[in-house]
Amino acid sequence: MLSEHEIQIRVRYSETDAMGFLHHANYFVYFEEGRTELLRAQGGNYREMEEQGLFMVVVSLECKYRKPARYDDVLSLRTRVVRITLAKIEHAYQITRGGELLTEARSILACVDGSGAVQRLPAIFHPTQ
Amino acid sequence: MLSEHEIQIRVRYSETDAMGFLHHANYFVYFEEGRTELLRAQGGNYREMEEQGLFMVVVSLECKYRKPARYDDVLSLRTRVVRITLAKIEHAYQITRGGELLTEARSILACVDGSGAVQRLPAIFHPTQ
Amino acid sequence: MLSEHEIQIRVRYSETDAMGFLHHANYFVYFEEGRTELLRAQGGNYREMEEQGLFMVVVSLECKYRKPARYDDVLSLRTRVVRITLAKIEHAYQITRGGELLTEARSILACVDGSGAVQRLPAIFHPTQ
Amino acid sequence: MLSEHEIQIRVRYSETDAMGFLHHANYFVYFEEGRTELLRAQGGNYREMEEQGLFMVVVSLECKYRKPARYDDVLSLRTRVVRITLAKIEHAYQITRGGELLTEARSILACVDGSGAVQRLPAIFHPTQ
């Protein structure tokens, strides 16, 4: 199974802050887009998953900021599955610009139903399917 | 009925952009907070309204930007009901800083149910209640 | 001169709200991206313009919301120059999804220098160049 | 020196997502507001610091999400300095609602000048001042 995917994201003006850089909170928006597109590349679809009553909620995040990004920069975001358990999935992220590493991050998400009860991750996430 | 309400909002760093100003899209976030607090001051509660299956959707917006706002500025937002019909409500907004007018705006919202069908505005919005 | 440009934008999860729709303030983020890309298609570059000390500030906006957009929708945004004066430019926007019109908007931007003084619009914006 | 500060933040509608919860990226916006207000309570002022050419940049973040927050919730954010070195400062954050712990986080920020060169943290941050 495909467990890694890369997308290009251009930094929007509204995503910058008064320091002139991409604001640190907005990286998590990019990582979320990375997960959406990795799942799509695997043949899954997160919107349909939600329509069927399953939600992926963020349990924990960590991020290291090495160099800043600026408005109009084209960034490469590599999203990778690093661990899967029955109900949780861990991703690693790398953002680079022209080959230079800007940011590294990790997240753990859990699968829950509409009431917040933990659910088994759908088969599409599992490497053995 | 109270048809006007003022709140103070301090500009967050994340709401600024590389120009060093409050980004123009974020004013609409403030106007929405102004509507929430005006309704609360009137004895209503928008969260409860949604829990009962009624939603206020934005139909149109217009905004004139006269002077910019900056990080950490304390702004006064005055929200006023200017017109109410069976299913729609029109608000006017003024943002000032130390008495100086920065921004003026108007919005029209409609009341709909979960399927998007137009509904009568709840009594709490009506001046004659 | 090219005075119209279309881009595709996929709605991010973080751009939705509790109603399940693209939040109304986020359309202005899209329109800004539309202006950036229209200028690029014309041979200009807004980042370089700012580096040279010229800024385009939003003077006024208006937007009509006809139908909502949802997470993961692929939207078409058509950005068009409708009027240019010495220091101001007016754009019109249309957002469609599968040919269906969702949103229409207009904006006026002015060209200023770092101190906020009005400046002549750079030649790249002018249709007669 | 005051090394801990608590503020109340009401969740805005625009900060929620289609799941109906406060979006996970927006917590970092709240933490930043917590830092701004802790510094103000200590007698400092981050805007003035930037005007004097010093910037606090985020080096790393981590966050654990225990329970979700919803629109209109009033959250308590406790921001605490846990470690200070010559050029870096580490904060810990706790978000609670009615005494219930929702979120815990840590961040490390570094002091830099306009060119990104590391600078000594201003005296206001130091507990021995």
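Note that the chains are named A, B, C and D in the order they appear, and that numbering of residues resets to 1 at the start of each chain.
Criterion: contacts are C-beta pairs under 8 Å (C-beta built on N, C-alpha and C of every residue); 3 or more make two chains touch, one makes a residue touch a chain.
Just so you know, these numbers come straight off a predicted model, no measurement behind them.
Undergrad: Measuring centre to centre with C-alpha atoms, which chain is farthest from chain A?
TA: That would be chain B.
Undergrad: When the contacting C-beta pairs are counted for A-B and for A-D, which pair yields the higher total?
TA: It is A-D, judged by the count of C-beta pairs in contact.
Undergrad: Per the centroid of Cα atoms for each chain, what is the distance between chain A and chain D, given in Å?
TA: 23
Undergrad: Just how far, in Å, is the C-alpha centre of chain D from the one of chain B?
TA: Computed from C-alpha means, the inter-chain centre distance equals 27 Å.
Undergrad: Could you tell me the distance, in whole angstrom, between the mean C-alpha positions of chain A and chain B?
TA: That pair's centroid distance is 32 Å.
Undergrad: Chain B: which residues touch two or more other chains?
TA: Each of 13-14, 18, 21, 25, 28-29, 32, 50, 70-71 in chain B touches at least two other chains.
Undergrad: Note which residues of chain B are touching chain C in the complex, please.
TA: Result: residues 18-19, 21, 24-26, 28-29, 32, 50, 55, 57-65, 68, 116 of chain B touch chain C.
Undergrad: Which residues, counting only chain B, touch chain A once they are in their complex?
TA: For this pair, the touching residues of chain B are 13-14, 16-18, 20-21, 23, 25, 70-71.
Undergrad: Which residues of chain C touch chain A once you look at their complex with the stated criterion?
TA: Within the complex, chain C contacts chain A at residues 12-14, 28-29, 32-33, 36, 45-47, 50, 70-72.
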